[in-house]
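After this come two complexes, each holding chain A, first together with chain B and then together with chain C.
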Partner chain A sequence: MSTSKAMQQSFALRFSSGAFLAFWCLLAAFPIFWIAIMSFKSPVDAFAASPWDVITGPATRANGDGLSILDIVLGLCVLYFAVRWAFTRLPELVRHYCPPGIIALGWIFGALIYAIGFVLIFFGLLPLILGPLNGLLGPLGTPVLGLTTEHYVAVWAENEFYRNFLNSMLVTAGVVTVSLTVGTLAGYGLARSGSDLAFWLLILALIFRALPHSVLVAGYLPVFINSSEILAPIFGEGAPTLYGQPWAVIAVLVAINQPFTIWMLRSFFQNIPAELDEAARVDGCSHFQAFRRVIMPVMWPGVITTGLFSFLLGYNDFLVTSLLLDAQNQTMVPAIAGYFNRETTTTDQVEAVAAAVSITAPLFLLVMIFQRQIVSGLTAGAVKG
Partner chain B sequence: MKFKTFAAFVGPSVFMMLLFIAAPLVSVLIQSFQVTQPILEQVEVETCTPGFLTQTCVTEVKTVPVLDENGATVTETRWVGLQSYQNVLQMNKVWEAVGNGSWNDIMQIDFWKALRFTLTFTLLTLPLVIGVGLAIALAVNNATRAIRGPVIFISLLPFIITPVIGALSIYWLFVGDGILTAMLERWTGTNISMFAQGWTIEILMYFFQVWHVAPFAFVIFYAGLQTVNMDTLESAVIDGASRWERLRHVIVPHLMPLIIFIALIHLMDTYRAFEVIVGFRSQAHVISLQWLTYDFMTPDDAGNRAISRASASAMLTMIGIVFLLILPLRRTWRDHKGSAH
Partner chain C sequence: MQKAASDSGGTMAEIQLRKVNKRWGSFVGVDNFDLTIADQEFLVLLGPSGCGKTTTMRMIAGLEDATDGEIIIDGKVVNDLDPKDRDVAMVFQSYGLYPNMNVYENIRFPLKVRKVPEAEHDERVRRASAMVELDDFLHRKPAELSGGQRQRVALARAIVREPNVFLMDEPLSNLDAKLRVSTRAQIKNLSHELKVTTVYVTHDQIEAMTLADRVVVMKQGKVQQVGTPTDIYDHPANTFVASFIGSPAMNLMEGELRAGTFTGDNVSISGLTGPDGPVTLGFRAEDAALATDGAGQITAPIYTIELLGDATMLTVRAGRQLVSVKAHKEFRAAIGDMVSFTVPVPICHLFDQQSGMRIDQQPGMRVAAT
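Up next is the complex of A and B:
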């Protein structure tokens, strides 16, 4: 890119802008990065006063948990090749072995196999090889960096965090599927209809979006708790109590998410030229057929982006899930509040940190894979108003 | 598109919104004028304890809840008018405090405390978010192409992270013997506890909110900067406009619709402040309106939920958001009408 001489910037300006950017990146990443480090250290190290002690972890090393130089080098190598393989060979394999119609399913399947394989090699095979090697190598094999996974084991195995994880997955999967199904239909209808009614529906949705969620939950709670009595005249004896039911929470979250979903999908559909479905209609399709055969194949980018934001809403929610689900089927984010009450010793604190990092890790992966879609989703709503 | 097809497409979505958003609103409005309580009755109970020669018997009047044939307590729902609102607002105490001219007395009442924090939190972070977002966008736009991708990746992290976890991650840096508290103590040489008084917690909360929302503003401003008309910029240079003047008179007016959009979204989302209270565990010092409603709804030690007070506070919260959004919405409305004609 060539900039004219008049537009060129002085060195001082470029330097200060670069410095500001570096400072912002540090600020943005530091808290997340730091809790990730803390979660791998013994409590003494995690809350040590000197940052260097937190990073190297002398107390953790003294307990016999640590990585030698060999561990670090080999681990990084495996990690590097695993990531490279994921970006080069994996897409080929998925495309090769997956029947063309269900490529999305193929990707989910491929990612699952890849994740299992990675965990087996990294946490199963690697320690087995490295154990005897470290013993042979002497100085290269002695631990230099304190690191322990005991808090993760405690959180996931002893405290049964995997139950919360499964509940989270159930709720978010439900929210994403239902809100996309309902939302794409509505978004398409709103984008293609120029009527006043469509405009007022969108304004109504905007007002609904502004409502604080606690206002809505105050409306659900008494009804959900007493729902078996209220619904008894309709369903008879088997009327369900909605309180504590994951599917009731899914319905609530879908509805809360609906205003946002239809706004976003509408702006994506407006980008698809109307001539496309008009052509299909001329060829004798009904509106639904045009939607299914012509629009669906080209709308995937918008649907994926909206799905990401629905996922975030379901995954990050605290208020609705903590009030409408009971302790047996609690999702991950409210479950972390359970640690607050027990957080009396520093071990409990570090376990809470490990749980927090466990919740953040999937989001980190999500940004890594879908960065472009997230950015396009954020700007889609704004730039077109 | 015929109305029938339109209705078929939009129907499921509208149905869900009516059932799960509009209907609860109506039911909250009704609940806020009602109170549901167990029916109590006074029973004369004679309790006898064995004694020498004769039993000692005491007769006393007890208040017990009425039970139905299944042994469950019978409840009754009464209309109480504005009673629940009065319980939340506590106007008599407020007028008394106003009479004394004592601001602190008003701040003792939960609702007014929550309202004060929610409003300052929303309005104070708004210019900060817009300013920081714009600054990052300009800096990224200035940077070489190769580093833009990684910078956007890092910037998205605070935005995408679960709000409770984000607040917790900052909480852990400053808690008791956290790493940054230790560093501050070393610099200043005094003993610092960030979570012992309200104002230090509030500063951390403002920081968290800007940290959490600024990336959103940044991404939108960055996209907007790509469409700035280069010819206008160059002619501004030829006319002798300095860098600052170009920013004020060319770039900011170009971004104005985006600024209003961000302000609108920010007002909606920050007014809902709730996770930040949970993450920082600040309920003893600082609370927000949503947290107040949440607190009424969580069961107390006896297992009762104060539904009617929760409904009253929810309605008051809603009135607040209406006032807050009137200005930006009126502007969008005028823009819409202006562009239509």
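Up next is the complex of A and C:
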């Protein structure tokens, strides 16, 4: 618009770069897009030879599961307004009704109410209105797009995928908590210390970071298997066997992740001028108070960015979780791999696809919520670090 | 401790530094610093960068440990005390403001961590912010303020606690020239009003001259001279102080002293007292006067001529040395013209050529030993 003439690109350049961008987005987004569609279709449609059939889903429609044009239009409207409200009205309401001291709590509360409200309207009220309306409208009310949620119900309820979900949450929460607690303290200490020991500790961390994950698993495995004997002198008869437990996985994943978090947080801390510590110390803080009240509030973007990477490591890990966990403690990623491995019907395959789609949802949510901090964290690291 | 913090009127904040040293390995940062700073005194540590002035201040604050020697504040040895227990407030060169808090919270922070009764906070924050004229900016974040405003927030944060000692580490060096002058005036006024012992670090000799009750000139960790600004300006202890203080720096000419007569390139001044031998003679540009009839002690060609507005600065080449002289603002001449000027004996300073130390002529002068 206000780009100067010298900076304007020729039409050919703009067209070709736009076209390439569109092509590349399509290529990158295609797998996610495709499995999302597949997961809502009956197995016949999901594995149909014609892509058009996969998208429209005639067999699913024939089973009686489909959306009419009215359904689609109204559904999209509700979705659009839901998203718009989440970004405009919701922050306003939270800011208005929440006392400033507990703003974080207010956000959690607001988001929870909002989510419940959305589920009630979208899955409760909408079908209730649309049922009679579809009957009245004739051609506009007849299903055109096959869509079924039966695979999600099957995976989450019948296959008890929620257990895997809870296990995943336990493992990731453990990994993130331990990594960040140790990482912030160590990163701060190492960033502020100029001693040789600090340097060698960092080099050591780098070496551990370079080790293949399987080496760490192999190192821990005998200890975990024999842990009841090893721990018996301390805990007596009731000493637990750690093998198969989420705690074992947390320990190994933290060992894998910790060097990285320490390095990353250290570079964030180094971007915070030491004058800030000193000002706090002179103003009346002890060492730890200066860290907690002055440095940490400035560090949030760094902590959140590092926390996200730790989360992804724990959440997406396959090797460690598949080797160390027994069946009832299995997390989502190895569980999905298990679905695909079963030599069974196409229905199971589509259920596995539905499970794969469901595990991406929390990631989207997480990135959406923390996008501002993540961006500022990543760019701060990129520019200054 | 809290009592002292909220009630500085009753305490004497005399700072004594007893043979304080700071070494990093074999590198000597501060060498045998020995000084008593009187209660309510405004002391300026002055020197080029790397002379140990900031290190000295940081040792008083407790941010740096003294290798040996004693630091005594208000009669108490504080070497092993945390910065927070020394009851000092510090203003940093690049402000050190807390970026996540607004101005109000920044100023209030020391009261909060020191657990001053909540009821007093608002009044004290507002009083401090009024003193530095920040009333209208209390709800801004530091990032939304100009450099001068940020430095005033740092000042307000220091005075809100009413501490025993103020430490200021080159507080004006990040400001532009005009703002520096006005903030300097503000600091002078504040220190007069608050009557708190202040240690101020700077490399700017004008700041030192304008603000200080006493100035400590340092070089490479060693104290060169301690004295009032007038002392330091009029009776520099050695050639380093002479050339560091004043704008332009004192003219220093090398030559021979024989029977009270100094002879150098194009120079001959008689009537001086001092031992015979090689000496350095110093005088200030404004103390020399142009001799209209060509009968001055220095006669040399003009090297350059600069108009300052209130005066004309002449630089002449006397042998190997350049010598500056301040002339009347109406004076005009061309480069290369010969000029002659007189240097009255009472304003001449003699320094030993080897050591650079002052050769004392006038009795009753205070010169610090190094």
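Rule of thumb we're sticking to: the second predicted complex is superposed on the first by the 333 of 385 C-alpha atoms of A that agree within 3 Å, B and C clash if a C-alpha of one lies under 4 Å from a C-alpha of the other, contacts with A are read in each partner's own complex, and residues count from 1 in each chain.
Simple rule for what comes next: a residue touches a chain if its C-beta (ideal position, glycine included) is under 8 Å from a C-beta of that chain, and two chains touch if they have at least 3 such contacts.
Everything quoted here is computed from the prediction, not taken from an experiment.
In this overlay on chain A, chain B fits alongside chain C without clashing. Looking at the shared chain after the overlay, A:Val320 reaches neither chain B nor chain C. Contact with neither chain B nor chain C is seen for A:Leu67 once the two complexes are overlaid on the shared chain. When the shared chain is aligned, chain C comes close enough to touch A:Arg293, but chain B does not. The wider contact with chain A, measured as residues touched, comes from B rather than the other of chain B and chain C.
Of the two partner chains placed by the overlay, only chain B lies in contact with A:Val367; chain C stays clear of it. Of the two partner chains placed by superposition, A:Ala354 touches none, neither chain B nor chain C. In the overlay built on the shared chain, the residue A:Phe20 is in contact with chain B alone; chain C does not reach it.
In the superposition on chain A, A:Val175 contacts neither chain B nor chain C.
In the superposition on chain A, A:Val217 contacts chain B only, with no contact to chain C.
Superposition on chain A places chain B within reach of chain C only down to 9 Å, the least C-alpha distance between them. Shared interface residues of chain A, touching chain B in one complex and chain C in the other, do not exist.
Residues 61-63, 82-84, 88-90, 92-100, 109-110, 113-114, 157, 161, 167 of chain C are the ones that touch chain A when the two sit in their complex. Residues of chain A touching chain C in their complex: 273, 275-276, 278-286, 289, 293-294, 297-298.
The touching residues of chain B, counted against chain A in their complex, run 1, 3, 5-6, 8-10, 12-14, 16-17, 19-28, 31, 36, 135-136, 138-140, 142-143, 149, 151-158, 160-166, 168-170, 172-173, 176-179, 182-183, 211, 215-216, 219-220, 223-224, 227, 233-234, 237-238, 243, 257-258, 261-262, 268, 271-272, 274-275, 278, 281, 289-290, 293-294, 297-298, 305, 307, 310-311, 314-315, 317-318, 321, 325. Taken in their complex, chain A has these residues touching chain B: 4, 6-7, 9, 13-14, 17-18, 20-21, 24-25, 27-29, 31-32, 34-35, 38, 47, 49-51, 54, 182-183, 185-186, 188-190, 192-193, 195, 197-198, 201, 204-205, 208-223, 251-252, 254-256, 258-259, 262, 287-288, 291, 312, 315-316, 318-319, 323, 333, 336-337, 340, 349, 352-353, 356, 359-360, 363-364, 366-368, 371, 374-375, 378-379, 381-383, 385.
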